[in-house]
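Please read the structure below before turning to the comments.
Each chain gets a letter, A, B, C and D, in the order it is written, and its residues are counted from 1.
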Amino acid sequence: MLIVMTPEATAEEIAIVLDRVESLGFQARALPGAQRTAIAVTGNEGPVPADRFESLGGVREVVRVSAPYKLVSREVKPEDTVITFANGVRVGGDGFEVMAGPCAVESREQILETARVVKAAGASFLRGGAYKPRTSPYAFQGLKADGLELLAEAREATGLLVITEVKDTESLPLVAEYADVLQVGARNMQNFSLLEAVGRVDKPVMLKRGMSATIKELLMAAEYIVNAGNAQVMLCERGIRTFETMTRNTFDVAAIHMLRHLTHLPVIGDPSHGIGLWHGVPALARASLVAGAHGIIVEVHPSPADAMSDGPQSLKPYRFERLMRELEAIRGAMRGLDAEAR
Amino acid sequence: MLIVMTPEATAEEIAIVLDRVESLGFQARALPGAQRTAIAVTGNEGPVPADRFESLGGVREVVRVSAPYKLVSREVKPEDTVITFANGVRVGGDGFEVMAGPCAVESREQILETARVVKAAGASFLRGGAYKPRTSPYAFQGLKADGLELLAEAREATGLLVITEVKDTESLPLVAEYADVLQVGARNMQNFSLLEAVGRVDKPVMLKRGMSATIKELLMAAEYIVNAGNAQVMLCERGIRTFETMTRNTFDVAAIHMLRHLTHLPVIGDPSHGIGLWHGVPALARASLVAGAHGIIVEVHPSPADAMSDGPQSLKPYRFERLMRELEAIRGAMRGLDAEAR
Amino acid sequence: MLIVMTPEATAEEIAIVLDRVESLGFQARALPGAQRTAIAVTGNEGPVPADRFESLGGVREVVRVSAPYKLVSREVKPEDTVITFANGVRVGGDGFEVMAGPCAVESREQILETARVVKAAGASFLRGGAYKPRTSPYAFQGLKADGLELLAEAREATGLLVITEVKDTESLPLVAEYADVLQVGARNMQNFSLLEAVGRVDKPVMLKRGMSATIKELLMAAEYIVNAGNAQVMLCERGIRTFETMTRNTFDVAAIHMLRHLTHLPVIGDPSHGIGLWHGVPALARASLVAGAHGIIVEVHPSPADAMSDGPQSLKPYRFERLMRELEAIRGAMRGLDAEAR
Amino acid sequence: MLIVMTPEATAEEIAIVLDRVESLGFQARALPGAQRTAIAVTGNEGPVPADRFESLGGVREVVRVSAPYKLVSREVKPEDTVITFANGVRVGGDGFEVMAGPCAVESREQILETARVVKAAGASFLRGGAYKPRTSPYAFQGLKADGLELLAEAREATGLLVITEVKDTESLPLVAEYADVLQVGARNMQNFSLLEAVGRVDKPVMLKRGMSATIKELLMAAEYIVNAGNAQVMLCERGIRTFETMTRNTFDVAAIHMLRHLTHLPVIGDPSHGIGLWHGVPALARASLVAGAHGIIVEVHPSPADAMSDGPQSLKPYRFERLMRELEAIRGAMRGLDAEAR
């Protein structure tokens, strides 16, 4: 349930509503918006007595939220969430930001070279795994703390923001110290303890959809993070598991649209994992853009043949540059249409 | 295996090669191209002795085709197949054609009105089912022959080409008399008798991917049609069946790219069946375009709420018009890039 | 809707009800049962006025059938359908019948030898494909009419009943002349024209579940056959398509249970296609039995390594014999329990 | 790679081989068997020079292990792993053990009553969740430490062993103190940090297959646990996610067979999650047994309608008792066959 306050509601009126919610045994969470504050009521299995709130001062209306996810729902917060970084980069709303870099941080030279290349081409985030969850215990698991140091150095050198994966609660404090965005991987989408832990950290989180997670389950997982206190969550479509074997995953481009429809959180496409083949990455990147994504995360490697992981799906720098020009041209065309529609 | 002739090879030299193939117990099929003729050799399980052909006059080279599909493979025919209609409309190559109309032909008024609307907005084909395969024997199965008549009348009135489904060999002669393109539906993708029957008809065919068909199986199904003698085949991605229940199907946008990569046949996207929800159709239509499709097939109905089938995924005319403008704007931006790249 | 007559209802009373149904614009179908006749009313989208029937003579009650499948539903006919063959073999009810033989009829020697072996081990049906639907147009498509002749010869020699696939309406008359059971393959499960055609033939039909068909869709497909006039339908679970690649399909053993729960039609398991690996066939055959199947269809080949199709999933004769003993032992144990429960 | 020692090999000879492996930069792990010790060599991406070992004292042969999983592979250890508990219960080999109880521990009365019922019917393990991972942050998350206390009390009262889920590394020490078997849930199957953590604990672990995990990925996940030092691992098939919506999951009974084929670890079936409907649980429990499982884990609740989670798939006590008799009868029949075969 959602209690929508009038634009003129005072802090005192809001506090009275919060008290009332809690005195009835429910949880309340204030969601300040551009125009007015709303208060989400959760923790109820049965109906909440709306009439206990409608007569309070500053309350405009009481809205029943039908979806099982509340805080992340567009019913509760119709306007887009925009995540703003210290350097002014914004994810969400009308923007389109590109996160690029290698699958894994492999060496100082590799990450610095890639950072320069993707920065020059227009990316705003550097991606690179320091802690790598791998199917096999015998595979390369990342440079760990050393990888984080190298990412920080690349940030210093280029001004890019850093997004990197946090794979467990043990390494979370260290990763949070270095990263600008904490990535929760597909295999951890329903690692609820990790979700709650990143929900208690003051850093934006990018939550990747699990391989067999429904769109609704992805939203419920995001709800765990927001409910734990962190509202800066982006969602990432990276392909789901189906019977098709020619591509690494099946990129669910419709999920990007559906997420835009259902939630106010920013939505990012991952064309690299989506198809698993470099020659298909530009097609899926363009598709992400026109389906409504607020950005993409894409693997770029100076020498894909030598990559320690995911080489086959990594773009060479010159192909990445061409993709960036394509995306810019398509964005321009779409902006033109929007302007005309106004 | 593929025997590539020199551009100067004479008809007599080609005939000698064809004879030689057959005398060795294989099947030969000449594939005339813009530059030169190639001869596909099929019917072999083991290796074909290449040296028996390399010394014949007019033979440039003998190429082993690794894919199990031969005639539809880009290995065999690198340049795009373009299907040209009597009114000059072309599907394939650099073009992008839009097929639009209701799921089913319901009445004279409905189909004529829709035809006018989609023609005015820029479509080149009218879609509309006269024979409807339905999951339930008790559901509306189409107007059948009367529906074909109405489609022909709409063609007369608008100049649109007509694409309609053929659901069995019994109705094929009648449907082929009326249709400009024969659609083979997803449920019939591996109805091999129907594939062979449309392969013997001199009309273009649009083959829809089965709900659980791999990309490779779709290509093998197309191979049945081409092998039976009909090279005018388009392939249609319309979504596959996965665990996701929020959308009707999961639209495999990467399949559009993969098909462009693997075959010379034109590729069409079906965003309406791909998502099953009208508000998501434009996103998937745009995604089809930028992933490389040669066109889309999209459901438009003057009054979706009254549609006898597929109402929830049908666009209202004004939304279709807006979509057409979007597609044109994006195409323009992409053409600009291509020009610049030259 | 279902109109249940009293056990004492006369033929005249039944005829009056049928007339009344049709005069209201619906279709009626009498379903004679052991105890009483029921009349299924179909063709209605909205509600049927029950009170127009309740007062007629011989009517016990009018039951609303909630499932979209009517004639095949247990709601409509609670007792199991048992299909009885001329030689006394019965499929359905408490029995468990085994259908065995090669994937394809390959030669006189092969089919006769296999028939003798499976007969000796206790099978009651010989399986063997004469018309083979194949993914590739270049693969072996069966011996066709010659294969049917060989099956008939094997039937003569052993007394086994013959089950073989009918792949299109064109070959249906010939196949129906030779076969004791017409098999409709997985790829044709929603070939509605073929379903209606076998529905007009007076031969039992075994309908295989499509690779991506839901249990409900399988029941709707069976409804097409029964609605066309043929009530002798068996359903076959043969595995569905999933992301798992180690097995050929994913055998949905729970579907056997669900079908027993939802329909009165006999249910058969196909462990050979279910796993695609001979060493797993006995496990799935036993699982089919204990999950409630009325029989299995299993591939047996005298020399799997030489089979023209499906060799890897074919049992050698001695393994088939051992499997038959296992099934018999388990059946004995389960019968003992049932006896004790009475 | 695997270095198989002779039965007579001395501890010193084994130590020399271990040293040699490590001096070449690989990891060695001794796997003591009933007859002889084998040494698994891991950490190699390229080939290991077999000839550097074949000449050492006590080495019988050097075997290349083709599977990416090594320690859990039957290639490496052909005989079944049997996990023996303090009270003499053994899981693995020829046994069949039943784990039963509610989805979640809800109250003292509920868990004690259920424990007595399942013990009386022949179960050897009590299942019950104290820490419950739930899709929604607002759903009941278990009684946590209080639930563990209640499980311990039920163990005291009945002599049953306790299996309960550990959902994160934070709660692992406490859960490990109370549980006889640590269950790792489907959503955590690729939570590699948790796998490594339970790999360092001296308690048997039951690892459930992820909803979209392949059989190979399940084995790789088990490899993480064994590689971390804990060889007492059972694998659990609990159904995978497919397009079928009538059942909660699709129970992959063939996976039970494949796991028996590929690994020496015990394999358990979970029919309750496999189908999600109580009336189908006995069918899948029987199917698990005859497909080769070493046991089942099944949900039993004294009053399913009042269960706080998973009520629809919980068996009432009297149905559980009947199931236990069925399983015993089928086991008896199968044992009889095995005896006869000897």
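Operating definition for what follows: a residue touches a chain if its C-beta (ideal position, glycine included) is under 8 Å from a C-beta of that chain, and two chains touch if they have at least 3 such contacts.
None of the values given here were measured: they were computed from a predicted structure.
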Both-way neighbours, i.e. chains that touch chain D and touch chain C: A, B
From chain D, the most remote chain by mean C-alpha position: B
Distance from chain C to chain B - Cα centre to Cα centre, in angstrom: 35
Between chain D and chain B, distance of the C-alpha-averaged centres to the nearest whole Å: 49
Residue numbers of chain B (touch at least two other chains): 212, 240-243, 245
Contact footprint of chain B on chain C as seen in their complex: 42-43, 45, 68, 133-138, 167-170, 187-188, 190-194, 210-212, 217, 220, 223-224, 227-228, 240-241
Contacting residues of chain C [partner chain D, same complex]: 212, 214-216, 240, 242-247, 250-258, 261, 274-275, 279-280, 283-284, 286-287, 289-292, 322, 325-326, 329-330, 332-334, 336-337, 341
Complex contact set, residues of chain B against chain D: 212, 241-243, 245
